[in-house]
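Same chain, two partners: chain A is paired with chain B first, then with chain C.
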Partner chain A sequence: MPIPDTVPILGISWADALFLALAAVLLGSALLVVTLRDIIRSGLAMVSAFGALAGIYVLLGAPLVAAAQVLVYIGAIAVLILFAVMLTQEKAAPVRLVFQTQAIPAAIAAIVLALIIALSVVATDWGAVGRRIATATDALARLLFGQYVLPFEVVGVLLLAAVIGGVYIAKREDRDA
Partner chain B sequence: MTAVTGYWNRLSLASRALLVLVPALLVLGGVATVALALLLPPLLDFLGANLGLVRFIIAATVIIVVTIPTAFVIIYMELKVIARMNLRVGPDRVGPFGAAQSVVHGLKVLSKEDYTPAGVDVSVFTLAPVAVFLTTIMSFLVIPFAPGLVAQDLNIALLYFFAIGGLNVVGLMMAGWASYNKYSLIGALRAAAQAISYEIPLTLSVVGVIILAGTMSTTAIVAQQSGSFLDWNVWKQPLALLVFFIAATAEANRTPLDMTEADQELVAGFATEYSGMRFGFFFFAEYVNVFVVSAIMVVLFFGGWTAPFDWPFPVQLALDPASLGIGLLFLIALAPVLGTVILALPFWLGSSRISTLQALLIGFVLFNVVAVAALLGWAFVSFDWVVGLFWMLAKSYVFVFVFVQMRATFPRVRIDQLMGFAWKWLLPAALLNIFVTAIAVSLVGKG
Partner chain C sequence: MSQSLDAYLVLSGILFAIGTFGFLARRNAISMLMSIELMLNGVNLAIVAFGAFLPALNVDASVIALLVMAVAAAEATVGLAIVMAIYRNRRTPLVDEYDAMRQ
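This part shows the complex of A and B:
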């Protein structure tokens, strides 16, 4: 007697149920990121949102992307953000944090972004794109370093320029001081 | 009624217990047998139909359980090895040679007060040890212990390992920040800086191995190193091993690179405000981490479960236990009794001061030792995975020993030296290793 294909009572497939659970965690923690008063807690909620997103990638059949998501976004970016916040933040910070005064511009930006995403979702022919793309590591690598090598290199140069710019700014402030 | 109570009162304590227990056991046994007969076939069907899921759940449970003895062994090893290096005796009170000392430590930590200081962020404070311990256990999932003995054979196992390993630092930062203590906060900041710096050379150093193997699956990497010890990756990637070893020491927060809890500057770093089992989890995770790092190093560079050389005298069991038939039953029934008596005889005859009972006891203990040795030998000869497990654990504990030895040997470095070393030496070395490996592979092939 194998486990039934659908969740008992609810009647949706297990993959859908998992997706719903992950999406709920993702949206819930994303909301917490912008509503929590404590900036470190916001950062931790962001970590949990990234983790749920990685889970959704796995569910979509792209474990490589999921691992990269965890490695880069949680392991490096979120940790760096938390690091910077802890380094600069006073424990007795004002309760009303600066970024929460920007609620109206943020709302406008969010609505515009949602519109763009909705437009692109509607405009895409999902029948053509929806066929399963090979997401094995070597296939992905061949695509990245074969067909898309130029965009890849351009992104690399861009990041390098950003690093050099960051170091330059940091050093310039150092000299002035 | 009085007759029954009178009879009951005349019984000794043991007979009263027997009088109650035997009928109860009989009834329970009968019920259990019937239930088993009724429920077993459908249960087996259910388990058989969902083999993948069942296998995963069992594997995850086994991993969580196995971390306990692993940590205990390493803690005992650390106490004893460092004591020997300091010309001390080390623990010698509990158990033979103090071997149960770490169990006592565990019980002590469990029974201590789990104190929450004022001013801490309680939920983050409580979740931090969970996060640290969870990531440590999750990285166990992809370590292959023997052919087929891996919790989950992912094809991106190495990437998964480093991704999960990088999560560890989130827990440390949570602990340090939530503690509301400047030493803890500095420990957390150091943990973050150190983890980000050392993760890059750690991950890059493995790229050479991945280029050689053409896969990120840990089982495939081990399988490609089978043969003698000359086929191990360590001969092809010595620089990668060096970089990996140093970076792994920093990632596992081991002395000399344990700046996150440097006692002479930070009291105990991120763990300063922790006590009881919440501290116990950090402690536990650290030692399990030492094993995980050693194991992954063995997998990548020292051939994992493969034996370093072929056993020169192949042993073939002439006797197949299954072919004994009913004889096996007699063997199981008679061997303990006969073995005990035979092993007891020399003591009984040899010394008149040893009573019959004492001689039998000695015989029983000796028989158990012999039987366990014989069973292990039989398993070693008969099953591939026992051999693999043996070599895997033996090699891993060699590196655990190296980590322990390093702790007693090297002085702690300074934080700026630590960061400078990562960026100025380890990272270029790892990059150089990738280039040299790639050039060599494209010139002469993977040979």
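This part shows the complex of A and C:
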């Protein structure tokens, strides 16, 4: 049986359905990240938001960015954050309140920010907007190791500096060991 | 819908706004760092969306997105190390109790 061109009941194309599903997962998980009381759960919601975003990158035709998203964010940053959670949160002293007292003004500010961004996006003419085009990975590699080789090397040095700095800052000092 | 640049940009704007809310409203330093990661992801989504729809930026956008990811990883490393160092001194991850300089 051939797959129909559109989603059977909804009547929208498969790409649209995929976009809507991934966007719903992304925004739902992001809201869970900022609202859940248990910080481990908000860390896991963050993993699911990163995964949905990787799916959106695939939909946008950037498979290498999607792979890097999975490796860097889900693989490295999420694990780093979950380790930090386990090292700094004490069960003996439960967090009484999740939010600052300024939570309601912050929510209003965030909603206004989202509206401003959405309105300015819709009102702007982005010029030569073509159809969605996929990124060729070999062209990406040539550009990264050709024209962008200096930023690439600088990022490598930056990561080394961050590793050394992170170890130095987080290492236990002798006096409270 | 998945063929329009606006949909992706609005999505990235909403993601950025959610991250802003989390950064302003949460009390836990690690939650604030998670919110920063959400904001960085929103920006990255905008960059990749521009790359997918504007032919002149197609490949460059992916390169820039990868560089942003590397810088975000460096930021997370140093930020979490600072949180751990403060936690060791103050014994709390709540940022509103870091008030030593106010006294």
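Just so it is clear, the second predicted complex is superposed on the first by the 123 of 177 C-alpha atoms of A that agree within 3 Å, B and C clash if a C-alpha of one lies under 4 Å from a C-alpha of the other, contacts with A are read in each partner's own complex, and residues count from 1 in each chain.
In this section, contacts are C-beta pairs under 8 Å (C-beta built on N, C-alpha and C of every residue); 3 or more make two chains touch, one makes a residue touch a chain.
The model shown is predicted, which means the values in this text are computed figures rather than measured ones.
Within the superposed three-chain model, A:Ala68 lies in touch with chain B and with chain C [touch as defined at top]. By the touch criterion defined above, A:Gly166 reaches chain C but does not reach chain B.
In the superposition on chain A, contact is made by A:Ser13 with chain C only, not with chain B.
In the superposed model, A:Leu140 makes contact with chain C only, not with chain B. Looking at the shared chain after the overlay, A:Met86 reaches chain B, while chain C stays out of its contact range.
Of the two partner chains placed by superposition, only chain C is touched by A:Ala30; chain B is not.
In the superposition on chain A, contact of A:Ser42 is made with chain C only, not with chain B.
Look at A:Val149: by the touch rule set out above, it reaches neither chain B nor chain C.
Taking chain A as the reference chain, the count of touched residues is higher for C when chain B and chain C are set side by side. When both complexes are overlaid on chain A, the residue A:Val157 reaches neither chain B nor chain C. Chain A residues in contact with chain B (one complex) as well as with chain C (other complex) are 64, 68, 76, 80, 87, 136. The touching residues of chain B, when paired with chain A in their complex, are 42, 45-46, 49-50, 53, 121, 124, 154-156, 159-160, 162-164, 166-167, 169-170, 173-174, 176-177, 180, 185, 188-189, 192-193, 195-196, 199, 203, 216.
Across the interface of their complex, chain B is touched by residues 1-3, 38, 40-41, 44, 47, 63-64, 67-68, 70-71, 74-76, 78-80, 82-83, 86-87, 91, 136-137 of chain A.
Within the complex formed with chain A, the residues of chain C that make contact are 1-3, 5-11, 13-22, 24-31, 33-35, 37-38, 41, 44-45, 48-49, 51-56, 58-63, 65-67, 69-78, 80-85, 87-88, 92-94, 96. Interface residues of chain A, counted against chain C in their complex, comprise 12-13, 15-16, 18-20, 23, 26-27, 30-31, 33-34, 39, 42-43, 46, 49-50, 53, 56-57, 59-62, 64-65, 68-69, 72-73, 76-77, 80-81, 84-85, 87-89, 93, 95, 97-100, 102-103, 105-107, 109-111, 113-114, 117-118, 121-122, 126-136, 139-140, 143-144, 148, 151-152, 155, 158-159, 161-163, 165-170, 172, 176.
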